[in-house]
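For reference, the structures are reproduced in the following blocks.
Each of the next two complexes has chain A plus one more chain, namely chain B in the first and chain C in the second.
Moving on, here comes the complex of A and B:
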């Protein structure tokens, strides 16, 4: 394996675009990423698209808009981890030496309301909605570690504060702790403002290796680790709930090992905060704090902009929005720009090492289907 | 037409109590609910039916306020523990404020939702023993 670098980024403002086709805004981010990298599109060996609802050959439909066809085009699906999965495939293509330049696009157009379950899914038929899954994880944390409703809500307050500074965020307004707690109950203890909105969006990166890197970017960002893992089957009839925390822990440990870095060396991170409890559990699983301390570090401002380890400076899923397949790529766009010093009012001073984590695909017997962790270095 | 979700089977006794039917693997001893056609642990097809015996207790739950089409809320859903450390997910009856970890639950037949034609989806439900039967079938 050789080093692979992010050499170009593109992203649209996340929001609701009922009048636009997925192809329209996804083609925009692909064009922007290629221009940012000054990549000659003819040198592109492979393009990878992460999405869950784009329909058949969505990647080809996007690249048709740029007359960029005839090379390898892959469409990959891994629910909320689809963008991270596409990045991993793009990284493999370049790091293996098979291709010098890869385009990775994450994209999604979402329906309003709850994400529908897969056909035949028995947990959903019994009433376990996706927010209910996270609510049960929050309840468990409250029972075991004394997590408070206020600590949960602080994650939303913090991420909206960051999102208010991000011109690409869906919701660019701060929210108060009282407003988060008083918003409509979705699944106890999670209120509306603790659940990600339904958002359309797309983000793209160009990944390069070998001699192409310096030709394409003045400020290449190295992909020090790219890891994907799947949830382990656990039999609930053996008294075990599917162990979601184990999934992120395993992905994180593998990434730290690959990068020869540890959690204390991370300067800035984007983690999967589709629900407030998600960020708390991710911070613990990735080693940003001890198990059980995820609520405390949010409350104390450790993970806020200006804190010791800012988490979700983009505004996170809660404020930036969470178009499923786009999210993993959007995180790496945010972190690449942070490491390049291009993040304006949200800039984390002196950021040199960044970590991106997504996980998703609620699945009976497995818990969560997939997780990816990427570590980037300036 | 969607395939029916495989929520598992149960049988209702004369007293109205339902017993959930699990698979027990004769090869490796694994118990699985809902049932399987082969053991997910050792892939043996040598399975026998096993009825999950009570008393069941509430392990963890949430009250869902935003419900999918066909459901009516707020509704409680959670994990229920059977003797032998068997955990089963299911809908839970009773006033939400009465639900707490460790309370005893009975298993009943009931419904969770109705489809577009108004046909109810029949399933098992858990009912707090003190509250008595609040089945909504």
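Moving on, here comes the complex of A and C:
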């Protein structure tokens, strides 16, 4: 496999677009990423679209808006990890040498507030929906490691503070610790402001390899690792407790190995904070702190903008928003721009190495899903 | 890219399974393919699932039925070409060297008789549904090349004859030319028996590379070409007529180039006969005959079992059935077994080289979609 690089990015402001078709705003981000890379759209070898609810051949319908056709086009679904999965396929197509230039688009127009359950998901039918699942893990983390409600809420405060600086975020307002704790209880201990909003959005990157890289970008960002895995959420056989996240742990370890570096070298990260507890578990599983310390580092500002390792400088899912298939790509757009020094008030000074993590798609019992980790280097 | 091989196949009888979940019958074909290959399921690097209507993380839900987790799992959507697209991703994962063993599953539980149109598909809303689109092309072919209603109907007669010999086909009964022509008119000139039925089904293959190949199969079948492309259905700039199929033509040409062989070397083929006219256009576009001769070769028996180049020995979409995402994989299951000499009454004697073609996912105006071609060699 050869090196592959992000050479262009595009993203719209996340929010609600009831009057637009998915095709409309997804075409906008594809166009922006292609223009950012100066790639001739007709030189595209492959275009990969990540989404869950776009319907049949949604990617083809998006490219049609740009009068683009002729390349390989495929649509990828992996729930909350759909964008990360699309990136992985685009990376594979370039790193394998099969194509020199790939367009990857993550996009979603959310239909309903609650993600409907699939037939056969008997646990969801009984009430074990996503907020409930995350809430159970938060409760367990409190039991097992002493996580406090205030630490949990601080994740939301921190991410809304970053989102307030991001002109692409769905919510661009700071929230106080008191407001987070006092907001409506959704699934104890998770209050409304600890759950991601219902958000439409799209983001795109152009990935290139070989001679195309320097031709398409003055500031290519290398994809040092691209990993997707599935697995149990926790693995007692490894001595893990019930609130530990084995899936993210394994994805992170595989990515660090592929990139030949470790968690202490990460300068900035985007992780899956669909619920506040998600960021805490991800920070622990990805080795940003010891197991059980995820709440503490949020409380102490380690993961805030200006801290030692800023996490979710975009505002994260809680403030940027979480349009399922768009999220993984939006994370890499944010981090690419951070490594290129283009992030304005949210810029992490001197950032050279970044990590993106997205996770989702639980199934009953076994907890199989998808977790993707990408490591980017300037 | 290194060589990749089909080392295991699995498939259920296609039909209607109103009382089963998709997970149930898709798990059956995955298990069968893994057993056929003698692959240790825990050694799987990646599993790719092609489907249009399985809902979120359907592949993960299928593997859960087999208690399988830990590998990369992804879901791919490309309408009628979803199975071929999943194969392409699985092939890429192995041919790139990223993984040694890939499981590819195509599966579909059809919800309704008519495929619902996507928002934004204004042509479909006006009545230009799939049967209408194919009917228009059939009418144009009659104008442009003199295709007769009898030639068109012969494709259905031929494929039902093959399907009658296939214990996995949805319909296992021969139909007469008279019965095809006299069946209910759906979209002139296409009668009911010239349109594929509404069918549930699933099929799976195991793909391997490197040292894993000989370990997993006594009769590995090489994937000599794997191509996916999109494009206009016809290209007047190339001097093509309105009924010509530029998309299949380009996919075929790219596949022949990748495999370093030509259409005259193909011994047996599965092509996209969702409607009778589809097979005729595919035969012409893939170079099995001159442009305009697709109806004639069906009428003369060239493409029948026992003919010079049997096309759709499985019974094709018309008799085997066409569960969208399952079709591309089912074609490769049929052809792999043909090349392994395991096809019983339908065996094409001495078959060494086979081609699979599937196509779909039209969009308004530009006609962008997906066409995949795989070439297999014994």
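Going forward, the second predicted complex is superposed on the first by the 363 of 378 C-alpha atoms of A that agree within 3 Å, B and C clash if a C-alpha of one lies under 4 Å from a C-alpha of the other, contacts with A are read in each partner's own complex, and residues count from 1 in each chain.
Assume contacts are C-beta pairs under 8 Å (C-beta built on N, C-alpha and C of every residue); 3 or more make two chains touch, one makes a residue touch a chain.
Please read these numbers as outputs of a predicted model, since none were measured by experiment.
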{"item": "Touching partner for A:124 - first (chain B), second (chain C), both, neither", "value": "first"}
{"item": "Touched partner set for A:291, first chain B, second chain C, both or neither", "value": "neither"}
{"item": "Partner chain(s) touched by A:188 [first = chain B, second = chain C, both, neither]", "value": "first"}
{"item": "Which superposed partner A:235 touches (first chain B, second chain C, both, neither)", "value": "first"}
{"item": "Which of chain B and chain C A:368 touches, first, second, both or neither", "value": "second"}
{"item": "Which superposed partner A:95 touches (first chain B, second chain C, both, neither)", "value": "second"}
{"item": "Per-residue touch tally on chain A - higher for chain B or for chain C", "value": "C"}
{"item": "Overlapping contact positions on chain A, where the chain C interface meets the chain B interface", "value": "119-121, 365"}
{"item": "Residue ranges of chain B in contact with chain A within the complex", "value": "2-8, 22, 30-34, 40-41, 60-68, 71, 74-75, 77-79, 81, 84-91, 96, 101, 112-113, 121, 123"}
{"item": "Contact footprint of chain B on chain A as seen in their complex", "value": "113-114, 116-117, 119-129, 131-132, 135-136, 139-140, 143, 184-189, 233, 235-241, 365"}
{"item": "Interfacial residue positions of chain C with respect to chain A in the complex", "value": "1, 21-23, 52, 54-58, 60-61, 63-64, 67-79, 85, 88-89, 92-93, 95-98, 115, 118-121, 228-232, 250, 360-370"}
